[in-house]
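Below, chain A partners chain B and then partners chain C, in two separate complexes.
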Partner chain A sequence: MNDIPTGAVVCAELAFTSIESAARLQELRQRAMGYGALVSFEGVVRPVTKQGEPLDRLILDHHPRMTVSSLERIAREGAARFDICALSVVHRAGAMAPGEIIVLVAVASDHRRAAFQCADYLMDRLKTEAVFWKREQGPFGERWIEPTQRDTEDRERWNEEKTGH
Partner chain B sequence: MARILYFGKLSSIFGEMSETADLPASISDTAALRTWIDQTRGFDGVLLHPSVRIAVNNEIVPDPSPVSDTDEIAFMPPVGGG
Partner chain C sequence: MKIAFYGQIERPFGGPAEISVPEEGVSVTTLRRLLAARYEAEAILERTVRAAVNDEIVLDTHMVYPVDTVEFMSPVSGG
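Moving on to the complex of A and B:
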């Protein structure tokens, strides 16, 4: 993978309490120098499962060290691949209720295309490679959520596409 | 004593997220460890599936890689989803 040094300001963090988007975006604005575009994405806990049942809680288990390393690696490689000024990845661990933010990705760049593409790339990598194991709880009890073929296919798009600038 | 970590559905099967274990002298690599843990902890073949990766001291390693009694060894089913 691309691991060349990048001039972009990169932040990757594992959060154990609610992600405050507005404050995180403000931090990114202050760190990014001379940007012209900022794209942000929030992944949010849905109120129902894929099977259509009501969801009480989503729980993300993590590895005490490898999870943070995976977030840092993905963030660094996103910054190296696209022409961006700064990016921020914040991912929750632990128990969450519907409506809570699971992940926040924000990218500041000179022009919009790189920011959109970098945010898309980061999410595809996070969904398939960030070290988390997810389970859902509700009236049905508890079940583990398995990785999906769709997520793998989304991730593989980036093996062929060229870097956007 | 080696520290063994179980993640995802493996923690549900084992009933705990971790344990400390005295590795028998015959267990010196990840392939042998995989089989031994699978048989002695009631995993019933689940640990033998190639999608379950092993990390030794925070690094994913291929089978067979050396393990010793001082290592932290994590059994990791596929990540992600949802």
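Moving on to the complex of A and C:
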């Protein structure tokens, strides 16, 4: 957890076990003083692949140092860009079964717009810049998943848009 | 020098690679060519595979020395 110049409370964490989102949201509520809106997003392992095959496991490999620093950088820059009170980014690494949470993003702010926009911004950056390598396993064997053109386009729209205050 | 790989690019190497780098250093471009030749791994020449030296992503013109920690990475994807 870091205090940054905006005064927002920022938490970015790499998790190796299940993300307990209710507990994480309660932590954020306690840290965020005087907020009026809280937006949360969970990315969850789907039971089927994009090709429609059943999925047994999703595995996220990580880098021993660069992964955590990428999460911290994205979280700090989200807090600096939007008028928010607090945010929390928790990202899983390792093997996950369908239904498990891959990432939790939660943002508390005075008003809803900044919280919605900040959560959207954080996810677009996590999809393209968080230092993870994904592979899926199932009856088809194993396959690597790389970011899509859509992910890149979603990320690039923040280069043009104004910040949400 | 031991070189680590992350993501899909690890596959043609089957684990960390070991390669000698002269004291005067080599560019990342040269290092890619050396690895491609020694391990028969053309994929290391692809521009989407990024090089990191001492935990920083670098350009192919960056010079690499024997003391450096060098890693190659396939495109990253979180979320």
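Just so we're on the same page, the second predicted complex is superposed on the first by the 161 of 165 C-alpha atoms of A that agree within 3 Å, B and C clash if a C-alpha of one lies under 4 Å from a C-alpha of the other, contacts with A are read in each partner's own complex, and residues count from 1 in each chain.
Throughout what follows, a contact is a pair of C-beta atoms (placed from the backbone, for glycine too) under 8 Å apart; a residue touches a chain by one contact, two chains touch by 3 or more.
From a predicted model like this one, the values you see are computed outputs, not experimental measurements.
Chemist: Assess the superposed three-chain arrangement around chain A: do chain B and chain C clash, or do they fit?
Modeler: clash
Chemist: Counting only touches as set out at the top, which of chain B and chain C does A:L58 meet: first, second, both, neither?
Modeler: Touch partner of A:L58: chain B, not chain C.
Chemist: Mind working out whether A:V131 is in touch with chain B, chain C, both or neither, as first, second, both or neither?
Modeler: Once the two structures are laid over each other on A, A:V131 reaches both partners.
Chemist: May I ask you to decide whether A:V48 touches chain B, chain C, both, or neither, giving the answer as first, second, both or neither?
Modeler: After superposition on chain A, A:V48 lies in contact with neither partner.
Chemist: For A:W144, decide between first (touching chain B), second (touching chain C), both and neither.
Modeler: In the superposition, A:W144 contacts both chain B and chain C.
Chemist: After the superposition on A, what does A:M123 contact: first (chain B), second (chain C), both or neither?
Modeler: second
Chemist: Quick check for you: in the superposed arrangement, does A:H91 touch first (chain B), second (chain C), both or neither?
Modeler: The second partner, chain C, only.
Chemist: If you tally the residues of chain A touched by each partner, is the higher count for chain B or for chain C?
Modeler: C
Chemist: On the A-aligned overlay, A:M66 touches which partner chain: chain B = first, chain C = second, or both, or neither?
Modeler: both
Chemist: Have a look at where A:M33 lands relative to chain B and chain C in the superposition and call it first, second, both or neither.
Modeler: neither
Chemist: For chain A, which residues belong to both interfaces, chain B and chain C?
Modeler: 61, 63, 65-66, 69, 127-134, 144-147, 151
Chemist: List the residues on chain A that touch chain C in their complex, please.
Modeler: Interface residues on chain A, with respect to chain C: 43, 60-61, 63, 65-66, 69-70, 91, 102-103, 123, 126-134, 144-147, 151.
Chemist: State the interface residues of chain C toward chain A in the complex, per the touch definition above.
Modeler: 6-8, 52, 55, 71, 73-79
Chemist: For chain B, which residues count as touching chain A in their complex?
Modeler: By the definition above, chain B touches chain A via 5, 7-9, 11-12, 17, 55, 58, 74, 76-82.
Chemist: Report the residues of chain A in contact with chain B in the complex, numbered from low to high.
Modeler: Interface residues on chain A, with respect to chain B: 58, 61, 63, 65-66, 69, 127-134, 144-148, 151.
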